[in-house]
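The chains carry the letters A, B, C, D and E, assigned in the order they are written, with residues numbered from 1 in each.
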Amino acid sequence: GSQSLASRNVLKVDQQSKTITWGVKADTRLFGLLDTKDGKIKGFEVDLARALTKQMLGSKGKAKFIQVTSSTRMPMLKNGNIDAIIATMTNTPERRKQVSFSKTYFYAGQSLLVKKGSSIKNVKDLNQQKGTVLGVVGSDSVQNVAKVAPNAKVLQLTDYAQAMTALKSVQGQALTTDNGILYGMSVQNPDYVVTGGTFVAEPYGIAVDKAQTPFLKKLNQALTELRANGQYRKILHKWFHNVKGFDYEEAAKE
Amino acid sequence: MSMIEFHNVEKYYGDFHALHNINLTIEAGETVVLIGPSGSGKSTLIRSINGLEQIREGQLIVNGQDLADPKTDINRIRKNVGMVFQHFNLYANKSVLENIMLAPRIVLHRKEDENKKIAMEMLDRVGLADQATKMPAQLSGGQKQRIAIARSLAMRPKCLLFDEPTSALDPEMVDDVLNIMKTIARDSSMTSLVVTHEMGFAREVANRVIFMADGRIVEDDSKDKFFNGEPTNERARQFLSKILH
Amino acid sequence: MIHIFQDYGGTLLYGLGQTLLCSIIALICSLIIGTFFALLEESPNKFARGIARIYIEIFRNIPLLVITMFFYVVIPLYVMKMNGFTAGTIGLTLYTSAFIAETVRSGIRSVDPGQMEGARSNGLTFWQAMRYIVLPQAFRYVIPPLGNQFVNLVKNSSTLAFVGGFDLMYQGNAIASSSLETMAAYSAVGVLYLIVTMPISYYMRYLEKRLA
Amino acid sequence: MLNNFIAAYSPDNLRYLFGGLGITLLVSVASIIGSFIIGAILGIVRYVKFKYFSAVVGFIIDVIRNLPLILILFFIYFGLPNIGVKPEVIPAAIFAMTIFESAMLAEIVRSGIQAVDPGQMEGARANGLTYWQGLWHIVLPQALVKMIPAIVSQFISLVKDTSLATIILLPEMLYRSQIIYGQNTNYIIPMFVAIAVLYFIVCYALSVLAHYLEKRQA
Amino acid sequence: MSMIEFHNVEKYYGDFHALHNINLTIEAGETVVLIGPSGSGKSTLIRSINGLEQIREGQLIVNGQDLADPKTDINRIRKNVGMVFQHFNLYANKSVLENIMLAPRIVLHRKEDENKKIAMEMLDRVGLADQATKMPAQLSGGQKQRIAIARSLAMRPKCLLFDEPTSALDPEMVDDVLNIMKTIARDSSMTSLVVTHEMGFAREVANRVIFMADGRIVEDDSKDKFFNGEPTNERARQFLSKILH
């Protein structure tokens, strides 16, 4: 099992096959979202992964994308279904026990999405009103809420499409996750707004199996190069330049 | 008043013409035996008398009420017409006593103590008073059939229909059932119509013997004519010779 | 797997409790609804039979998850508030009732028609015969398949996980992704399901044999 | 309301949804074929009673039958890589469904064989046929006819159960409907109507087939 | 050599002792009728002869082979011992002709044209040559039983066992089946053992009549002794008087 994965050099295998298999989100607007028109996944992370692939394997390098959700991404990485996770995944100490993270490629912060005019303006309101907050199984956001707003009830859904639908059908008063993701939702659903600022820092890293140090090194190097040659900025701009209230510089922090 | 009157009755199962132009009158107190080859319509005829089968055309008057008339309450007719089946059809989920007492209780609203008294009388009459608390599954076939008869009698019907009551019994059980049927048949206040191949029974207690073939009544004789005078119908003669082997 | 029980025992037990609670509620409700539609289907009234047929066909031929999602997503949007547990239990009830209707109906059918005929010619009405004679016997035949329906209910209640029903599977998902020990977490959940379902289905097989 | 329907059923969305139907059918048909073959073999093994083998097979079947399909999907999708196999979503879904449904079918086959009048086997044995000859020429053909309705309704369940594979992100019909209404709340009802109707058509067609076969047999 | 020999045979169903110390010898060519009340063990005895039931103790030698010996190939015995059941047990999924031809083809490897010739001969013998292509479900009970007999005969057995072959038949079908059984019984190369309550048949063709009760053989007489001399056993006498009503 994981032994066979550990004994394998993913970088070598990928260099031979000229393919990197990335686990990406398919339900998260701006980061990774499935386009029903052509069945392709599109978003900031997808573009970044593509750029990283070329940077790491040369111009013939191909990026292969497999959908993950917050709850499937870890087992799939550990099982070797995917080589790396680039799926709005926060670098946390807890997770570092299991996987290695690249340098930060997107600096997010946890926030709330509520219906316009909601009595909940921030986490404190949520705590005081003992509201129900919606999240997604396997995100650290739900664990954060338990710490920050212990009075709030947490309801975990399987993915963000579900969570958003649940918010609309008033299964909860607020949806919590990272601001970037929430902005994506409010773009699509103008009746819902991101509110209360960020209350936990959520630096995204690309997760790689612990044994794959050569791959990780190469990945970090490629990331630095993309930042240096301006491609990173271009991709970030492409996806976020017309998102209202989004703080560019914050996100690009390392 | 006649007990049962068929006037030009026609019965179909879907497209299949099961009874052809049946005309038959049975007077109160008569004992009529109905015979005929398998599939000739004996069961169909007898079952239509208490409305288990619906006729398509003609008139069928039982105890003064026309069964073809939609206003006739079939449940009222059934109170007066009991039926005993080949396979007994005892209520498998009720004890012997409950089998007998159920219909009088919920249909006739007979009072509980009277109901029980009558039920025990009937059990006594069929010689099974000691089996009252058993379940049907614990009885032999002959006992089941006697209970079924007691169940019918407890409703105090004016007329009893029997559809091959002994043909599912082990040979050594047949006599007990026939004996009870004979005492019923001799009771002049009871009309009985019996489908059976037990010619000894027919000889002993029937007033009339009716022979059916292909959904028609082809012979309707007094007992003596049937057994002594040889039936006029050729098929009836053949059949008779076969079952009297 | 043992340490999953040690670390998350309370959570798992709570989930198991929710699973059993919703399965039992759904069993009782679907038994009532299912029997009702089975009787409609066996009734002499053509219109009633048609209604029953439509109800049964609809709920038999649409996935449970779709029915459940409908109650979770659509009903709160347009009709009334409803949490995942409620939506899931309603979905399970409606879905299962269609199968129970079929089961009870075939139970009624497997009662010797002679029982109905005997009762009818003994003077009972159709509904009296149904109530005193046929149904009590049908239920005896139907106990093993109903037990199996209950096993199905317990298994199917895992759809509550999709709608945040706090059932065993929901807790399993949560534990799997917070402990990051996917296989161990799901194995623990599997063991708990089996503890409930295996004895029932073995007992039902025993009953089936005894009845046959 | 009507506008919502028109917008929801845009050509793109419909194409996407029907693609999901295609995957639903692909997974269904592949699992039906697989589970029919495996289930029949297992059912016979269970009926015939080869000493320990049948008992072990029987126990495994019982374990699988008594677990929720969702768990089996997880075990296959997340568990198989532990032994070195890395299935894609569609093969994983087919594999999991096949395992689960084979266990269900084995049970149907076993009880179908048991439902054949024992007199048939006795007749064959008394006529000089061996046990296996009796099973093959006389009992199995009759059992198959008897169990067709149960098998078809199991296949109906199978088609419906493919919807559970959304949990491992199988891009089938239900999953795709969620993606579509995840983008626009107004599409919720149109999407539910669409998938309910599509599932209903597929499953009802199967159940009509079952009724037809049942009638023809009677 | 005797065709069938029971030596101190004991048979149990679980704890239930179904056959007690059976000793019985049937010579080749004999026609033996076995009677007795329901549950007395007639079927058990006859079924153990071709190994459908296994005995627990004693010796059972059929056609020279000991059935209790594990080395005995039961299929070889069954080639020589045919059986006809109360409920016919025709193969429901095969046509009449296929019912007859199947066992000769796959057990005796009889050649197809010869197989068909013999099958048609047998059908002719039971008077049903015109029914060859029908399915069993399309036949009447009497026809089914005659086909079942033809099926057994086609294996050219040395011995035929009949277990109440007429008791599931409509009365007018009984004669046809009995007549065929009589011609078989009269064929001196065939041994037959027949469980039946048709005393006319027994009287006409049996060599011996055996009476069983409670799992024991309580009377084993020549036909004449049984019918004329009155059986010595009290239960046998009682039973006889009941079924000869």
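What we mean here is this: a residue touches a chain if its C-beta (ideal position, glycine included) is under 8 Å from a C-beta of that chain, and two chains touch if they have at least 3 such contacts.
Which protein is which chain? UniProt says B, E = Amino acid ABC transporter ATP-binding protein; C, D = Amino acid ABC transporter permease.
All values derive from a computational prediction rather than experimental measurement.
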Any chain in contact with chain A as well as chain B: C
Fewest hops from chain C to chain D - one hop per pair of touching chains: 1
Chain separated most widely from chain C, comparing mean CA positions: E
From chain D, the most remote chain by mean C-alpha position: B
Contact pairs, highest-scoring chain pair: C-D
CA centroid of chain A to CA centroid of chain D, Å: 36
Distance between the centres, which are taken as Cα means, of chain E and chain A, whole angstrom: 81
Rounded Å distance between chain C and chain E, as computed from the means of their C-alpha atoms: 51
Sequence positions of chain D contacting 2 or more other chains: 78, 82, 166-167, 178, 181, 185, 188
For chain B, residues that touch 2 or more chains besides their own: none
Residue numbers of chain A (touch at least two other chains): 75, 158, 162, 165, 168
Those chain pairs that satisfy the touch definition: A-C, A-D, B-C, B-E, C-D, D-E
Residues of chain A touching chain C in the complex: 70-71, 74-75, 78, 95, 98, 137-138, 143, 155-158, 162, 165-166, 168-171
Touching residues on chain D, where the partner in the complex is chain E: 117, 119-120, 122-130, 133, 137-138, 141-142, 145
Touching residues (chain side chain E, partner chain B) in the complex: 37-38, 140, 170-175, 197, 200, 239, 242-243, 245
Residue numbers on chain D that touch chain A, as the complex places them: 12-13, 16, 19, 77-78, 81-84, 86, 89, 166-169, 176, 178-185, 188
Chain A residues within the chain D interface of the complex: 1-2, 4, 26-27, 34, 36-37, 39, 67-69, 72, 75-76, 79-81, 158, 160-162, 164-165, 168, 188-189
